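Two complexes follow with chain A in common, the first pairing it with chain B and the second with chain C.
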Partner chain A sequence: MNDNLRIALAGNPNTGKSTLFNLLTGLKQHTGNWAGKTVDLMAGTFTFKGISYEMIDLPGTYSLFSNSKDEEVARDYIVFEKPDITLVVLDATALERNLNLALQVMEITEKVVICINLIDESEKMGISINEKILMKRLGVPVIKISARNKIGIPMLLDTIDRLIKGNIPCNPYKMTYDEETEMKIEQLIPFVQNITGEQLSARWLSLRLIDGDKSLLKEIEQRLAKKDAI
Partner chain B sequence: MNGSKILKLFDANIGDAVRITHLDINGVMRRRLLDLGFVPGAIVKVLRKSPLGDPIAFRVSQTTIALRKEESTKIEGELVSYE
Partner chain C sequence: MTSEGLELKNQIQQLTRQAEKLSTPDIRDHIVEQLYKKSNNLMKEGVTFTNAKMDERTEKLDAILTSRIWGFPIMLIMLGAIFYLTIAGANIPSSMLANFFGWMEGYITIAFSYFQAPDWLHGVLVLGLYRGTTWVISVMLPPMAIFFPVFALLENYGYLPRVAFNMDRLFKSVGAHGKQSLTMAMGFGCNAAAVISSRIIESPRERMLSILTNNFVPCNGRWGTLIVLASLFMATGFTGGMQTLVTTLVVVGLVMFGIFVTFIVSWTLSKTALRGVPTHYTLELPPYRKPKLFDTVIRASLTKSISVLNRAVKVAAPAAILTWIIANIQIGDTSILMHIVSFLNPLGQAIGLDGFILMAFLIGLPANEIVLPVLLMGYLSTGALVDVDSIQDLKQIFLTNGWTWLTALNMMLFSLLHYPCGTTLVNIYKETKSLKWTFWSFVIPTGIAFFVTWLVTEFVHYMRLLS
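On to the complex of A and B.
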């Protein structure tokens, strides 16, 4: 398509993804089809420090696993289209709920930036958020912003820039499961690697297999079949 | 609280706060409820009921979520407080 770096916006419904998207991309927006899907995702471009980015506004979801159409679209984009950065937008007034999706994204991909939006609202409610501690515990950059009030945007762009240039490390926290699950994961990994190689995280795929994620399996099957046909 | 009352979310009254203890569901529906915040240990509050009690709106983890009867009858918890 083009050699823009791609940033996908993920997050719960109503966390301000589109507001951030509009702020950064302005009038440079278009809709596009991805990988034979009939859904149109909004995409837009912007430039920062001489680097061109394409930003993709994914549908808001609480999860990537519950198999609604929206969740499949968001999951498939992150898993198969492999954006250079996935920006997870969280609602500062409901962090506990919002972190569920952030952890799910962090299991799929390494390159994650967490953006805590609506800090104007959380401050009004007397909630103070220590993003440095979050950053340490999550292993990825965490930036506080208010997309509507244009607060924290330079810091966010700077973080993206430094991440792309490899100047800040990204080591997303990986959930450790109970002993039985971890054992099963270990057993499955070599088989999974045999089929999908290094394209997808074998650990994550093994977990999805254990969870019985039929929708994901179907998607992979279709994509592998298409590749074979070419 | 000793000998606290165990009830299904469907049977809770408006204003009740219930600590979830158990979900009697498997598969995709269980996954969905967990992702919506209906996890064991979470405290949910009954906000509103439709005339026939289906669906019911709950406050869970700082968000309002409505559940259908077939879902709320399968979630159990203990009553923590009521209005």
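On to the complex of A and C.
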């Protein structure tokens, strides 16, 4: 199972994340247990163009601020398990709210694919989404799909394939904040780099710390003490 | 510890100190604001809305239903309307059911004497079990069959998230979570289920608040008690539609008082044992959708009816049998029941109730539904339930046992505020995994129930309001 490339599936609740997961992995699903966490995540496998993938269905969350257990699980997986690709599923009919999560994921990790689900429903509602502009602004592939009606799936798989093979660039947009926050981040980054080196995004970690996230630091301390790579 | 480990510890401590120095409570607001700004910009650039008619309707409705001025009055009116429908609509089916069960009982008794069954068996099974269970069914089932479909319709229409939205500021100001209003709404049905539903609240602190205060919303088991007492004692002197209206107003008033207590308790706890600031959260306001009328109504009334019947058989039946037995077994010259009653009586009198009522609440611990039937069984010397042919008969029983409007009011308040039922307590333990908090979830409401009823009694006596 370790030879597979891992794709983490992130998204708000009720975005059809599980529909996509079921569509891609079919019956090849199992529950996995990661990094000593007592939380089980659904995982499944599929093969595309000779490459096998393991897809992990993260809990549906609105943010990655670790307000809740679910958010912590989703965040920790992306941060510490470092999936090869994080696929963020967005609801086309509520894109604005959903984009928040995509922006947060892109702060943490480099290989991100955004797929905008429920595209058929949103078109019926008169919402037209220009994915090329979004792609340009966000710096990552943006694919419109409908998991329920199997629209855009070949395109999605192809994009994943090309991203893995390094045929398309992926430079996720990094949020910039207001001056005050940015100043604080700058001040904290050297301290963070002292500890974690280049293993994690020092910028993101600094942001989380000035937001008062203590659980994250504890997790890192535990992992470092165990000499685990983080 | 290795020197490496020590160094790591130092570095982390240094980082923590530095982070704490830089961290301010408003930083999350800045972050969220910037995220939303960015999302909004992306939307403006990459997304266009054409014929967004559906959204427009939702927006227009939201402008009214969640407006600062109209939001609350509309909520209150809706709540009142649901209660009115429930109370007015449940009356006739309730008495029809009671008549039907009474008519059945006649035949069952005939059957018992035909088989020459012993008296005690008839007592346990018919006067205890049958009467207790059928009482619960005839009092509880009709209101539930009306309340739940109406409630489910509102929920499916998308109104409930708007209630949460309206209440958010209030809850935040007492340090609780806006979604607590959703778990409270759930509590109207069943506190035990509502305790589980509090999982939707992310932060453990606010989740605990919602669990500890959920009991202040009257559940379906307490409705019957509240409605019956309100219509018997509070709406005297009114008839017909006016009587229903007054009953409704009293019940709405009680619910409001329960919500008020919820706020007080939440506020106190979040300043003391559960200190903290409310967390941010995203509340989904789905578009208004026309509910599937038939589906909703059928499913809501069927599933609820089944669960009410289930409870009646599982919980009410044993309690009814128990009551009959302790009322009929003599120790010395009085029954066990009377021993308990006279033991509890001084305490009961102090809070404007009596020993019988406290005994009924004690036996009613497994399920609130059983409190009123047990009370009636207690009042009747035979230890068996009366026929509930007419609601005025009930009043006569209460009056001969020295009830006044104050007794009724205090019983309603006690019912509203007292400890959660057994099932709820079990669920609280399962959800919190803490004996301590389960204990407090029993003690806090009970303490408040005693205090409020005592205060009301003292006040009424002091003011000489009882003529």
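Quick note on the criterion: the second predicted complex is superposed on the first by the 225 of 230 C-alpha atoms of A that agree within 3 Å, B and C clash if a C-alpha of one lies under 4 Å from a C-alpha of the other, contacts with A are read in each partner's own complex, and residues count from 1 in each chain.
The rule is short, and it goes like this: a contact is a pair of C-beta atoms (placed from the backbone, for glycine too) under 8 Å apart; a residue touches a chain by one contact, two chains touch by 3 or more.
Here the structure is a predicted model, which means the values were calculated and not measured.
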item: Combined model on chain A: chain C and chain B, fit or clash; value: clash
item: Touched partner set for A:5, first chain B, second chain C, both or neither; value: neither
item: Touching partner for A:137 - first (chain B), second (chain C), both, neither; value: second
item: Touched partner set for A:23, first chain B, second chain C, both or neither; value: neither
item: Partner chain in contact with A:151 - chain B first, chain C second, else both or neither; value: neither
item: Superposed model, chain A: greater residue contact from chain B or chain C; value: C
item: Which of chain B and chain C A:62 touches, first, second, both or neither; value: both
item: Partner chain(s) touched by A:207 [first = chain B, second = chain C, both, neither]; value: second
item: Superposition clash, chain C versus chain B, among 169-177, 187-195 or 295-303; value: 169-177
item: Contacts on chain A seen with chain B and repeated with chain C across the two complexes; value: 62-63, 65, 67, 94, 96-97, 100, 211-212
item: Touching residues (chain side chain B, partner chain A) in the complex; value: 27-28, 31-32, 35-37, 61-63
item: Footprint of chain A on chain C - complex, ascending; value: 5, 8-9, 11-12, 14-16, 18-19, 22-25, 27-28, 30-36, 38-40, 42-43, 45-55, 202-203, 279-282, 284
item: List of chain A residues in touch with chain B within their complex; value: 62-63, 65-67, 93-94, 96-97, 100, 211-212
item: Of all residues in chain A, those that touch chain C in their complex; value: 13-14, 62-63, 65, 67-71, 94-97, 99-100, 103-104, 125-131, 133-134, 137-138, 175-178, 180-181, 184, 187-188, 191-192, 194-195, 206-207, 209-212, 214, 217, 220-221, 224-225
